[in-house]
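Below you'll find the structures, each written out as C-alpha cells.
After this come two complexes, each holding subunit A, first together with subunit B and then together with subunit C.
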Partner chain A sequence: MILFRFFSNLLKDDRGGQAVLLILFLMTILVPVLNLWVPADHPLHMPTYLVTLMGKYLTYALLAVSVDLVWGYLGILSLGHGAFFALGGYAMGMYLMRQIGDRGVYGNPDLPDFMVFLNWKELPWFWQGFDMSWFAFMMVALAPGLLAFVFGWLAFRSRVTGVYLSIITQALTYALMLAFFRNEMGFGGNNGLTDFKEILGFNLQADSTRIGLFIASAIALAVGYLACRYIVLSKLGRIVVAIRDEESRARFLGYKVERYKVWIFTFSAILAGIAGALYVPQVGIINPGEFSPLNSIELVIWVAIGGRATLYGAVVGAILVNYAKTVFTGAMPDSWLFALGALFVLVTLYLPQGLAGIMRHFRKAEAS
Partner chain B sequence: MITSSVFAEETPSGNRVPSVVTKSVSDNEQSLEETSLHPKLSLLEKAEILLKEKSFKKKKQAVELLIEAGDKAGNNSSDSIARKWLENLLSGHLYQHRKDKTLVFVVDGKISNAISNALIENAQKKDFKKITTNNALRKQLRSAIARLDLSSPDAETRLHAVNNMLDDITPENAALFKNLANQEKNKNVKKAMQLGIALAALNQGSKEDKIKAIKEVAGSLHPSVRNRLALLADNEDKAIANAAGSALQKIESRIKMFGHAETLFFGISLGSVLVLAAIGLAITFGVMGVINMAHGELIMLGAYTTYLVQQLMPNAIDYSLFVAIPAAFMVSGLMGVLIERTVIRHLYGRPLETLLATFGISLILQQLVRTGVSPQNVPVSNPSWMSGSLEINSVLSLTLNRMYIVLFCLMVFFALYFLLRKSALGLQVRAVSQNRQMARAMGVRSARVDAMTFGLGSGVAGVAGVALSQLTNVGPNLGQNYIIDSFMVVVFGGVGNLWGTLIAGLSLGVINKVMEPWAGAVLAKILVLVFIILFIQKRPRGLFPQKGRAAGD
Partner chain C sequence: MSMLDSIRQTMRRDEVFPFMAPKVSELLDVSHGPILYLEDLNVSFDGFKAINDLNLYIDAGELRCIIGPNGAGKTTMMDIITGKTQPDSGQAWFGQTIDLLRMTEPEIATAGIGRKFQKPTVFEYHSVYENLELAMHGDKGVWHSLIAHMNGEQRALLDETLETIGLKEQAQQTAGALSHGQKQWLEIGMLLVQNPHLLLVDEPVAGMTHQEMDRTGELLTSLAGKHSVVVVEHDMDFVRSIANKVTVLHQGSVLAEGTMDEVQNNQRVIEVYLGE
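Our next item is the complex of A and B:
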C-alpha cells in the first residue's frame, strides 16, 4: 500500500509517464503470450525478431531517458553518452565472451577467439573476473559510472560549461572509439565482441531467452524511468533545475553546483551503461562503432523530438525515431540521412519543445 | 644505311669523313677480320666496327672509343650518339642486323636506326641480333656513362654522376675527380668530388693519409662514407680506429639531428592541415559564436569542387587548382550564406540548438554528395608541380606537396588575418561580435554582416577542402574526419583568436608527430585528444583567451 502511494505520487502529474508505463506493463504480458504460446502459423503470433527489435528499442529508450535527465533537467548537452552506453555494452560483452568458454572456433577454454588469433598467451588483467556474472554486472554500472565521475569531476570543477562541454564530451567518445579500434587494447579491435552463446546459462538463441531479455529491458526502463522521476520530483530535482536555469544564482545561494552536476551526470551514465548491457545480448555484437560521435549526437535528437525535460518524451522520441529508422533504412536506405538531417533542422527550428510540447499545447487549448 | 653527313655532324673533331664510308658497312667486312682500323675513320666508326665483334675485349675497346667520342661531343653529350649507344648497350637494347650489320635500337618492339634514330618500318625483330655484354663490360659501361655525365653542362647531372660513382669508388675514378675538381665551378659537385678523393684515400694510402681523409669525410652523410668508416673503426691501428669512431659518431649525431628536423617538418605540415581545416571554424565559431557542425561538410564540398573542376578540364590538371580555389570558395561560401539565412539566423543566442540544427545540415550535405556524385571516394589528381621532393641531403628530403600545404596554410591565414584587421568588413565583423546593439546603433547592418561572416568562414572551409583533396581520399566522410579535430584546435587555441588557432594547430601537429614514433599514429592521436580534454579543464578559454570587452560571456 505504501509502495502504491509512493508510485502514484511519482506519476500523479505525469500523464505521459502513466501512459508509457501502462503500455510497458501491457507489453510485458502480451509479448510473451503472443510469441511463446500463440502457435507460429496463427496471424496473431509475434515472430522472435520483432521481440528482439522491440527489446532493442526499449534499451534505446532507457538511454534517451538518461540523456534527458542531464540535458533536459541539468542543461548539460552531452555528446558523449554513447560512450557510456558502449562501455556498459562492452562490460556485458566481456562476460558473454567468457561464457563461450571452449566452444569458440579455437576451442581455448580461457582466451576468447580474437586473443588466440592475436597470439596472446594469457588473459589480460582487465579481463579477470568477467567470467563471474556478479562481477560483470557490477562493472556494467561501475565502468561508465567511474568514467563519468572522473570526467565530470574534472570538467564541472573547472566550470567547463555549455558548448565547450559538449565538444569535449564528443572528443571523449571519439578518443574512446579510436582506442577501442586498436587491437592492442584487448577488446577485439575492429570486430569487437560477438559470437555469444549464452547468458546466465540460458541459450541466447532460444525464444524464451529473448523474451527474458525483453522483459528485463522493460523492467530496466520502468525502474530507470521511475528513478529519474523520483530525482526530478525531489528537492534534489528542484536544485538541478535551478542550476540549469540560473547556474550562478544557485551557486550564490550556497549550493555546491559541481557536486550536483557530477552526481546526476554519473547516475545518468550508469543508466546509459545498463541500457548498453541489455542492448548487447539482444543484438549479439558490440564493436567500436558504438562509440562513434554520430551515435551520441543522434540520440540527442531522439530526446529533442520527444521533448526535452519530459521523461516520457524521451521514451517516445527514442522509439519513434528508431522505428522510422528501421522503416526508412529498409524501404529507402538513401533517404534515411536526408530524413534524419531534416528532423534535426526542423525540430530545432519549429519544435523546440518536441512532441511533448504539441501535446501540452493541445491540452491547454482543451482546458481553456 | 649510314650516310656521311650524319657522321660529319656528329664528330666534333671536324674530321670530315672520307667518302668510303658512304658505302654500306658490309663492304668493310674484309677489313673487320683483322680489325685493323683505318686511321682516318672517326671514333664512332671505329667503335661501331669493334662493337660488332664477338670478343668482349674488342667491345671493351669500343667502349673506350665511345667515351672519347662522347667527351669530344662536349656540351650536348647527353644526347650524343656515343652516349646513346653506351646506354642501349647497357640496357641490352642495341642490336645489329644479321645480314647488313646495321646497328639498331630495339625498344618495346620498335626498331630504329642507331645513328639517325629514324624508325625503321616493317623491320622484324628476328632479323636482328643482340649485341651481348658480360659483367665486366657492364661495369665498365656504367662508369663510362657516369664519366660522360661528369662533363655534362648541367650541374644536377654532374652531381648525380659523382654520387653514383661514390658508391663504389675506384682509384681511377678518384684520379679523374682530382683532374676535374679543379675546373669544377659548382660548389656541391666539387664537394662531392673531394669526398670521392678522400674515400679513395680511405681505402689505400698511408696511415697519415687515412687519418687526414677520415677528418675530411667526417660529417658527410653519404651512405658509403658510413660503411667505410664502420669498417675502419675495427682497424688494428688504434689511431685510425679512434679517428674513424669519432667521425662515425659525428655522422650519427648529424643524422639524428636531421631526423628531428624531418619530424618537425612532418609535424608542421600536419599542423598546417589542422589549421587549414580549423581556420574557417575560427571565424564562424570564434568570432560569431556559432557552433557549425556542418563545417566539415563545407570542407568536403570544397574537395568535391576540386574534383568537378578537374573533370571539366582534364587536359589542364596542372592549372586546375588555380581554378578550384576560387570555385571552392564560392561554392562553400554560398552554401554557408544559405545555411545562415535559412537556419542559423533563427537560432542566435541558442548555441546548443545551433549545434543540433547544423549537425542535421551536415547529414543532409553528406547524403546529397552520396546520392548526387557517388558513395565511393572520387579520384582527385595531383598537379605535376606538386609531386617530387626537395632533397636537402641523403637523409633529409622534404616532399613538395607538404611544403606547398604549409605555404598555402600561411597564405590563407595571413589573408584572413589582414581581412579581419584591415578591411571595412573586418571592422564591422569585429564590431558586431563585440557589441551587437552598439554596432547596430552605429549603422552597421548586423544581419548582413552575419551572413557575410558566415559565408567567409564557410568559403575558407571550401578552400581548405581544395588543399585536403591533394592529401587524403575525397569521399562523403571527408568532413566528419576533420570536424572534431577542427573544434579541438579552435578551443585549444582560444576562441575568437586567429593567432591562437594558428599556434594551436601547428603545435598539435608537431606534438602528434613527435609522439608517433614511440606511440603509433592512433595512440598519439588519442593522447593528444586526452591532453586537450585535460587542458580545457585547466584553462577553459584556451591558450590565448580573449580579454576585456571582446571576451563577452
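Our next item is the complex of A and C:
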C-alpha cells in the first residue's frame, strides 16, 4: 500500500510516464505469450528476432533516459555517453566470454579465443574475476561509474562548462575507441568480443533466454525511469534544475555545484552502463565501434527529438528514431544519415521541445 | 647562504605550513565590532587596477551604503567578499576568525554571507515558493537533498518571508513570469531565508517604482541591527533615505566615508562624482 502510494506520487502529473510504464507492463505480458505460446504458423506469432529487436530498443531507451537526466535537467550536453554504454557492454561481454569456457574455436578452457590467437599465455589481471557473474555485474555499474566520477570530478572542479565540456566528452569517447581498437589493450581489438554461448547458464540462442533478456530490459527501463523520476521530483531535482538555469546563484546560496554535477553525471553513467550490459547479450557482440563519437551524437538526437527534460520524451524519441533507422537502413541504406540529419534540423527549428512539446501543446489546447 | 635562508623561511618552526592551518573557524567572532575586514586589497585585470589598496570595515548590525561612479570597483569588491574573485594581495576577514580568501563561494555562503546580484537572478523555471525553498538555510549536501523536506520552523520562515516581500499571491507562479521589481524582491527574500549575518545587496531598487523603492528602503533598514547590510546603489535619493553612513569608492579605493551630508560636501567627492 505504501509502495503503491509511493509510485503513484512519482507518476502523478506525468501522463507520458504513465503511458510508457503501462505499455512496458503490457508488453512484458504480451510478448512472451505471443512468442512462446502462440504457434509459429499463427498470424499473431511474434518471431524471436522481433523480440530481440524490441529488447534492443528498450536498452536504447534506458540510455536515452540517462542522457536526458544530465542534458535536460542538469544542462550538461554530454557527447560521450556512448562510452559509458560501451563500457557496461564490455563488462558484460567479458563475462559472456568467460562463460564460453572450452567451447571456443581453439578449445582453450582458460583463455578466450582472441588471446590464444595473439599467443598470450595467461589471462591479463583485468580479466580476473569476470568468470563470476556477481563480479561482472558489479563491474557493469562500477566501470562506467568510476570513469564518470573521475572525469566529472576533474572537469567540473575546473569549471569546464558548455560547449567545451561537450568537446571533452566527445574526445573521451574517441580516445576510448582508439584504445579499444588496439589488440594490446586485451579487449579483442577491432573484432571485439563475440561468439557468446550462454548467460547465467541459459543458452543465449534459446527463445526463452531472449524473452528473459527482453523482460530484464523492460524492468531495467522501468526501474531506471522511476529512479530518475524520483530524483527529478526530490529537492535534489529542483537544485539540479536551478544549477542548469543559474549556476552562480546556486553557488552563492551555498550549494557545492561541482558535487551535484559529479553525482548526477555518475548516476547517469551507471544507467548507461546497465543499458549497455543488457544490449550486448541481445545483439551478440560488443566492439570498439560502440565507442564511436557518432553513436553518442545520435543518441543526443533521440533525446532532442523526443523532447528534453521530460524523461518519457527520451524513451519515445529513442524508440521512434531507432524504429525509423531499422526501416530506413533496410529500404535505403545510404539515406539514413541524411534523414537523421534532416530530422534533427527540423526538430531544432520547429519543435524545440521535441515530440513531448507537441503533446504538451495538445493538452493545453484541451484544457482551455 | 640565500638558499639556507629560504629553507629556513619555509621550515620556520614558529608557524605551521599554510595548507596545514585550519581552514575555517565555524564561529563568527565580532567581539571587536566589525563583522567584515577588508585590508590592503589589490586586484587588477589585465593591468587595469579594479581594486587599489582598498581598506574597508563594516560593523556588526550596521547598514552601510556604498556609492561610486561606474568602474569604481563596487562589484569587484563584492566578488572578492563572496569568493568569486581572488585578490592579488590583501586580506578579507569575516569577523575576526574566518578568512574569506581561503574559502569557496558555497562555503562563504554557508558561513553567513548572502549576496543579491546587480541583475536580479532568480531561478526562472521554479515557482516563487521553490525559489525560497532552495535558498532556505540548512543542510546543502547532495545526499541530504534526496530526502530533504522543510521542517516546521523553515516553513514558518518561508511563509513569513513571502509576506514580507509581498509575493504571497504569486507563491505558486513561476519566477520567470514576475515583473522586474518583483524579481528583485524575490531575490531579497531568498537572502532573508538564508539567515545570513551579512547581506551584500547590489542595486536593490533598479527598475522599481517609487512606492516599491520606499518599501525596499523600509525593509533594508528593518534588517539592520539583526543583520549587517551593505548596499551598493546608484540612486542618490534612495541612498539618502536609508543611509546613516556612506562610503564613496573611486578607482578601487575609498575616497570618503561619513554621513550623507559630510560626503556630499566633501570637495573631492564633488569633483569625481556628485558634481558631474
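Simple rule for what comes next: the second predicted complex is superposed on the first by the 368 of 368 C-alpha atoms of A that agree within 3 Å, B and C clash if a C-alpha of one lies under 4 Å from a C-alpha of the other, contacts with A are read in each partner's own complex, and residues count from 1 in each chain.
FYI, a residue touches a chain if its C-beta (ideal position, glycine included) is under 8 Å from a C-beta of that chain, and two chains touch if they have at least 3 such contacts.
Keep in mind that what you see is a predicted model, and the values were worked out from it rather than measured.
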Could you tell me if A:Ile301 is touching subunit B, subunit C, both of them or neither one (first, second, both, neither)? first
Mind telling me which of the two, subunit B or subunit C, contacts the most residues of subunit A? B
Mind working out whether A:Tyr255 is in touch with subunit B, subunit C, both or neither, as first, second, both or neither? second
Mind working out whether A:Trp263 is in touch with subunit B, subunit C, both or neither, as first, second, both or neither? second
Which partner chains sit in contact with A:Val241 here, subunit B, subunit C, both or neither? Use first/second/both/neither. second
Which partner does A:Ile167 contact after superposing on A: first (subunit B), second (subunit C), both, neither? first
Tell me the contact category for A:Leu200 with respect to subunit B and subunit C: first, second, both or neither. neither
Once the two structures are fitted together, what part of subunit A is touched by subunit B and by subunit C alike? none
Flag every residue of subunit A that touches subunit C in the complex, lowest number first. 231, 234-236, 238-239, 241-242, 245-246, 248-257, 259-260, 263
Subunit B to subunit A touching residues, read off their complex: 291, 293, 343, 346-347, 351-357, 359-364, 366-368, 370-371, 480, 484, 487-488, 491, 522-523, 525-526, 529-530, 532-534, 536-538, 540
Given the complex with subunit B, which residues does subunit A contribute to the contact? 77, 154-155, 157-160, 162-164, 166-168, 170-172, 174-175, 178-179, 181-182, 293-294, 297, 300-301, 304, 334-335, 337-338, 340-345, 347-349, 352
Can you tell me which positions in subunit C touch subunit A when the two form their complex? 82, 84, 104-106, 109-110, 114-115, 117, 121-126, 130, 133-135, 140-142, 145-149, 190, 194
